[in-house]
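By written order: A, B, C and D. Residues from 1 in each chain.
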Amino acid sequence: MKDIQNQPDFRKINIKKVGVKNISYPITVLDKENTIQRTVATVNMYVNLPHQFKGTHMSRFVEILNRFHGEINLQNFHNILKEMKDKLQAQAAHMEIEFPYFLKKSDLLAGTNTIEYKCRMHGSLQNVDDLVLEIQVPIRPPSSAPVSGVMPKSLGNWGIAKVALRFLRFIWIEDLIILIESVTSHNLSWNDTDKPGIQEELTLENMTRSLAKILRANQDISWFNLNIKNFAQSGNTFAALEWQTE
Amino acid sequence: MKDIQNQPDFRKINIKKVGVKNISYPITVLDKENTIQRTVATVNMYVNLPHQFKGTHMSRFVEILNRFHGEINLQNFHNILKEMKDKLQAQAAHMEIEFPYFLKKSDLLAGTNTIEYKCRMHGSLQNVDDLVLEIQVPIRPPSSAPVSGVMPKSLGNWGIAKVALRFLRFIWIEDLIILIESVTSHNLSWNDTDKPGIQEELTLENMTRSLAKILRANQDISWFNLNIKNFAQSGNTFAALEWQTE
Amino acid sequence: MKDIQNQPDFRKINIKKVGVKNISYPITVLDKENTIQRTVATVNMYVNLPHQFKGTHMSRFVEILNRFHGEINLQNFHNILKEMKDKLQAQAAHMEIEFPYFLKKSDLLAGTNTIEYKCRMHGSLQNVDDLVLEIQVPIRPPSSAPVSGVMPKSLGNWGIAKVALRFLRFIWIEDLIILIESVTSHNLSWNDTDKPGIQEELTLENMTRSLAKILRANQDISWFNLNIKNFAQSGNTFAALEWQTE
Amino acid sequence: MKDIQNQPDFRKINIKKVGVKNISYPITVLDKENTIQRTVATVNMYVNLPHQFKGTHMSRFVEILNRFHGEINLQNFHNILKEMKDKLQAQAAHMEIEFPYFLKKSDLLAGTNTIEYKCRMHGSLQNVDDLVLEIQVPIRPPSSAPVSGVMPKSLGNWGIAKVALRFLRFIWIEDLIILIESVTSHNLSWNDTDKPGIQEELTLENMTRSLAKILRANQDISWFNLNIKNFAQSGNTFAALEWQTE
């Protein structure tokens, strides 16, 4: 005979989150310059289930992704999440995509150059939509005066700025990179006394505060999390900061 | 003259978390068999600061780690966190260490073998101590009947079980691995009807529920989070589950 | 006065190989189905210099790559190498590109699925052109009979076949994958006695020999190197084999 | 009837190399300061077989490794290779081990610090022994004058020097690191005219030639291969050079 008393207990060990991870998938993203940029993403898709998990559900995730042909934009992000939530009868649906985003830039080393920025988008749909965009921007050490006639000064890496944001209004990835690089290229602007004319040093402290200052001033950003890393010989040092509009 | 009105605003962009990351460091961990096991860890140490961050604080983290000579046990974990909190005048202190833990095991492929398990410990000290231990245990596909005379059956990897736990009482890592492997070696025990004699299939669903069942039954475990991954050709599938004692 | 006698000695420590590594770059490759497939490559370009290295040469590599807009086909591969050799006055020029190549496939787990194959092309130009193509194809464990009504059987990974080839005639990547998968999907065909009717086991030995047999039989392949890896719990086992037409 | 003519052909597709890869294993290495240093290695072991491969041989590799309890020194390296060659009746035996090697160093950032150097040893035994040692030493950008009172100048990474060597006589890893760091810490000494008083710039060119010069002057080194990498924003640049004593 089945033990009835165990049943409430069994419900407590229902599986809460199921999905697919590390799906490599060709996608297109919106690009201010060329309208569409084709790249390759790593995709995670998962749902929170209020009820019993059926293994057969697994194939649905990739079916839904296939139906949108990898066209990733704000509209499709919402529609994919909605379809996941509906088809899998879930409480919440999540999709994370990571991809290299390419921008043509002029560079000391190689004239016009195609620079890669690692991007990550995490969309969730429970009752409302939520979308977080994360960009990684490299920070180089300040250069000395250029030496004429010889090798282009190769500066190495000082560190990396990882910036995660939520928005009130749509912002192009390009415009965001320009905003972040206005600081990471050492246009530092923070100091406690705000005395002009004092050249600030490249430190974790100055970099984090200057970047926070410029992001806070942007009316389209409602939340951000900064994580600035400085490469040292053994391990890295880092500083992190989170801010939310009132 | 300094702008007084800006000051409350400035406080809001104080840096909240600083520390060191990915420090490679030789450590010793307690080992039921040999008393002490020497391994190599990747260490993160960071604090939540209520006040202004001073760059010079950075050197303190590694100084504190050096003072304990990499001897990682429950007592030292607490003492390191306490010293971080005190020396850096922080609200909270955190230390994460990841290391390979080795166990001698008998194995189909190579007789007595030294098996590596990835472990991770995350300790925090705010008002009270908190310690989470995470272990990764590989899951292999069920073997067919062994074929005599030829190559030892090499089974490949079916997936991995990542188990994070909090404890009421000290448990040896070895004993925890034995507990987890009693399920991951396909001693599956979950089914809805609890009818005996029905051989359960190796599925994400069965693995997750059987593992949850056996961990819940252990009186020394107060919380756990399971994440079971199944390797598929393109990406992985996974199921996750969290449980807390009442 | 300059020490003349030192000069022959100085020549011996001339730098022999210079270039760029790990450039992330959007490329297009030829694709039997869709004519063109857009993906993202990691590119290495380097030359053997007979004379003194000038740092300013570095920018040339990416300039050349930019001029071809990332269109990677046999003709362009040769032209890029020729331009590298000429512009940098080098004895030999090399380009390696690694990229995920996507094929639509039907899969037990998810119906029609987009599968990723890691590809690598290594072209060299000294006096003659040389091109090696490498493909990685996953090997799964043999499935048991499918169980109706429940979760699609998830098999995990048994191992991976890394196949490097040289060609006498152009072969589509798709056709090569079909050729390799005819064996890696366990259509094993090697045995010493060639007695029919004996079901061969999935072993490193059988997999390596069966794959070698089928590649040798293809008239368009002039050379190959196989490296078959089997995932085991602690580390992997592997077998390798090289073959060249006479 | 069996096709006799095919048999010489079959021999040509005999498997040529078999072994184990990526075995994680605790080892001890000789250390000038403390006599013995305990670390964790990734081990590859493989043999060239003149005859038919037997799958059962696979277990022998780890059995042999176990017999030496992970004590890695020059004597044991030879003995392990000899035992592999004998037990597996092989033409040649190979063992590669990679491990982090730790040295206590004083560092701008954190006073006395434990620095990690990635090391790799590749031993082969065919008719004679051959041993190659490889060390990776980070290169930092030249620092500006230190700023008193504020954060210790964190310099980031300029690049990495990968140095592979063969020896005529035993050299301590510590002494080798000191030799390499005498150059990588920007004590550059190469210039064409050998005019004193001209401060050399940190370039790939100067770094590679200065390092070659100092290694060539060491009587205990019979061969070396340098690979100097400079981290740039998109990908890296590198220069390589090989030298052998006459």
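In this section, contacts are C-beta pairs under 8 Å (C-beta built on N, C-alpha and C of every residue); 3 or more make two chains touch, one makes a residue touch a chain.
All figures in this text were calculated on a predicted structure; none of them were measured in a lab.
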Required steps from chain B to chain D (each step between touching chains, minimum): 1
Show which chains lie in contact with chain A and also with chain D. B, C
Please tell me whether C-D or B-C has the greater number of C-beta pairs in contact. C-D
Same or different for chain A and chain B, where same means more than half of the interface numbers show up on both copies? same
Find the chain most remote from chain D, comparing centres computed as mean CA coordinates. A
In angstrom, rounded to a whole number, how far apart do the mean CA points of chain A and chain C lie? 31
Whole-Å gap between the CA centroids of chain C and chain D: 25
Geometric centre distance via CA averages, chain C-chain B, whole Å: 36
If you look at chain A, which of its residues touch at least two other chains? 24, 54-55, 58, 109, 113-114, 116, 150-151, 203-205, 234, 237
Can the chain contact pattern be summarised as a line, a ring, a star, a complete graph, or none of these (other)? complete
Chain A-touching residues of chain D, taken from the complex the two chains share: 107, 109, 113-116, 138-141, 147, 150-151, 154-159, 201, 203-205, 230-234, 237
Over in the complex, which chain C residues touch chain D? Could you list them? 2-3, 10, 12-24, 43, 46, 53-55, 58, 193-194, 203-205, 208-209, 212-213, 216, 229, 234-243
Using the touch rule from the top, collect the residues of chain D that touch chain B in their complex. 24-26, 37-40, 54-56, 58-59, 61-63, 66, 100, 102, 109-114, 116, 150-152
